[in-house]
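Quick heads-up: structures coming right below.
Look at the two complexes coming up: chain A is in both, with chain B in one and chain C in the other.
And then the complex of A and B:
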């Protein structure tokens, strides 16, 4: 029988790996809109981590800021410049 | 380029390996979160809601809100000041642009109504927006009882005008009175409220002729005045409820203001900011 704490650690590990992969994709992505989506995915993973680490206050502020407001600001800024990152060929 | 792909991968793997090493060797503690309660935490839990010792207590069951606005309220005040300065910066960049005049000059009112996404999305978001406002208000106004608080509630509330902005276009918001000026007023009222709440005990102390401190919540040994914790038998935790309420207004107004400024079409912004040189 798996203990609850072990299950929590396992879930935290999986969430952490997902956030790492999302960060890597966000750094590499040339399409800035897709990069924002990857960044929001990473923030969602962090929200879960904060909740599992028993910080519900941080989770509550992380959901609207990191999934709603911050991607919105970045998308507005992308709209004012170019969508694709310039390639160095 | 290959190095552009390898370098982030390398740095991320180093981070993962270093963190794993730190976790396994117990540098950050073996248990997350800790199974027991530490000394400092038990002191906070003992004092946050303890009606037997009102001189020590913050009179709030929520330790995080009590720490943020009572134990280290000055710190939070300056955090709010940083947010305030960022919005002052955005306002300074977009000075001279009035969305109201843009809407009034736009003669084609039918076109204004026709902006935004499809009617399906609009219909779905109509009942959703008041729900977001209600949830955010409950997060902010119950901040002294349950996890949450002014900043959390305020940023959740700012999602509602953001949705309207994207789904219905900025002209819809401005036509319904949610433009820069009312948001500026809302934010200023919030900040003024925080400022006055910080001085409430001092004002009471001056009137009664006793000692009192800035940011004082409950009565202390050498300062017997304070903000009442119970109003009509309802636990309001003195200053904590007021700080949460005003921070809610300030943050919601501030974020909405920034989004309205950012969503002004680029041509209009350039024609005002560029002056004579813009063609």
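And then the complex of A and C:
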């Protein structure tokens, strides 16, 4: 029988690993729109982490800012400028 | 805290530290200014999660979880406050992080505006091309 505390820490570890994978993909992705989507996935993982770390007020602020506003603003910027990150010459 | 719990919490802390390193790599090495802005948001968020993790406390006992730093009764008695102090997490990092998130939003909006102006002046958001331009 798995204990409740172990289950909480297990969720923390899994969410941390998910955020690590999403950060890796967001930093290395050439298509900036996909990078923004990976960054939003990473922000969702961080929201869960804030909740698990007993900071529900932070998650309530963090969801609209990091999952809503950041991707919207950066997508607007990509629409006004260029979509692909340049290759090495 | 049992050994398995300690290991799982260390996995979480390690992944956040790796995130900090990866986002610093994105800020310093990637050429696109937009990618730099994305990596900077990831960096500030990772620092915020680390600050919250500093204020976290382990489970006081296996059947008693920690609670958010919110008193849920309007007129608490001293004994209720003592019981609350036994299980509540530290509220100070949470207050600081709440401020840091809002300031980070303002800084990001400013950087987005600067990137847009650089694109309008130079016609590119590639840092190497901007550095090569004269004038």
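Rule of thumb we're sticking to: the second predicted complex is superposed on the first by the 88 of 89 C-alpha atoms of A that agree within 3 Å, B and C clash if a C-alpha of one lies under 4 Å from a C-alpha of the other, contacts with A are read in each partner's own complex, and residues count from 1 in each chain.
Here is the rule we use: contacts are C-beta pairs under 8 Å (C-beta built on N, C-alpha and C of every residue); 3 or more make two chains touch, one makes a residue touch a chain.
These figures come from a predicted structure and were not determined experimentally.
Contacts of A:61 after superposition on the shared chain: both chain B and chain C are touched. Of the two partner chains, chain C is the only one touched by A:35; chain B is not. In the superposition on chain A, A:72 contacts chain B only, with no contact to chain C.
Within the superposed three-chain model, A:53 lies in touch with chain B and with chain C [touch as defined at top].
Set against each other, chain B and chain C differ in how many residues of chain A they touch, and the higher count belongs to C.
When the two complexes are overlaid on their common chain A, residue A:23 makes contact with chain B and with chain C alike. On chain A, the surface touched by chain B in one complex and the surface touched by chain C in the other have residues 5, 9, 12, 20, 23-24, 27, 53-54, 56-57, 61, 65, 69, 73, 76-77, 80 in common.
Per the touch definition, chain A reaches chain B in the complex via residues 5, 9, 12, 20, 23-24, 27-28, 53-54, 56-57, 60-61, 63-65, 68-69, 72-73, 76-77, 79-80, 88. Contact residues of chain C toward chain A in the complex are 1-2, 4-5, 8-9, 11-16, 18-19, 22-23, 25-26, 30-32, 34-35, 37-39, 41-42, 45, 48-49, 52-53, 55-56, 59, 62-63, 65-69, 89, 94, 97-98, 101-102, 105, 108-109, 112, 115-116, 119, 124-126, 128-129. By the touch rule above, chain A contacts chain C in their complex via residues 3-6, 8-10, 12-13, 15-17, 19-20, 23-24, 26-27, 32, 35-36, 39, 42-43, 46, 49-50, 53-58, 61-62, 65-66, 69-70, 73-74, 76-78, 80-82, 85-86. Residues 1, 4-5, 8-9, 12, 16, 31-33, 64-65, 139, 147-149, 151-152, 155-156, 158-159, 162, 166, 255, 258-259, 262-263, 266 of chain B are the ones that touch chain A when the two sit in their complex.
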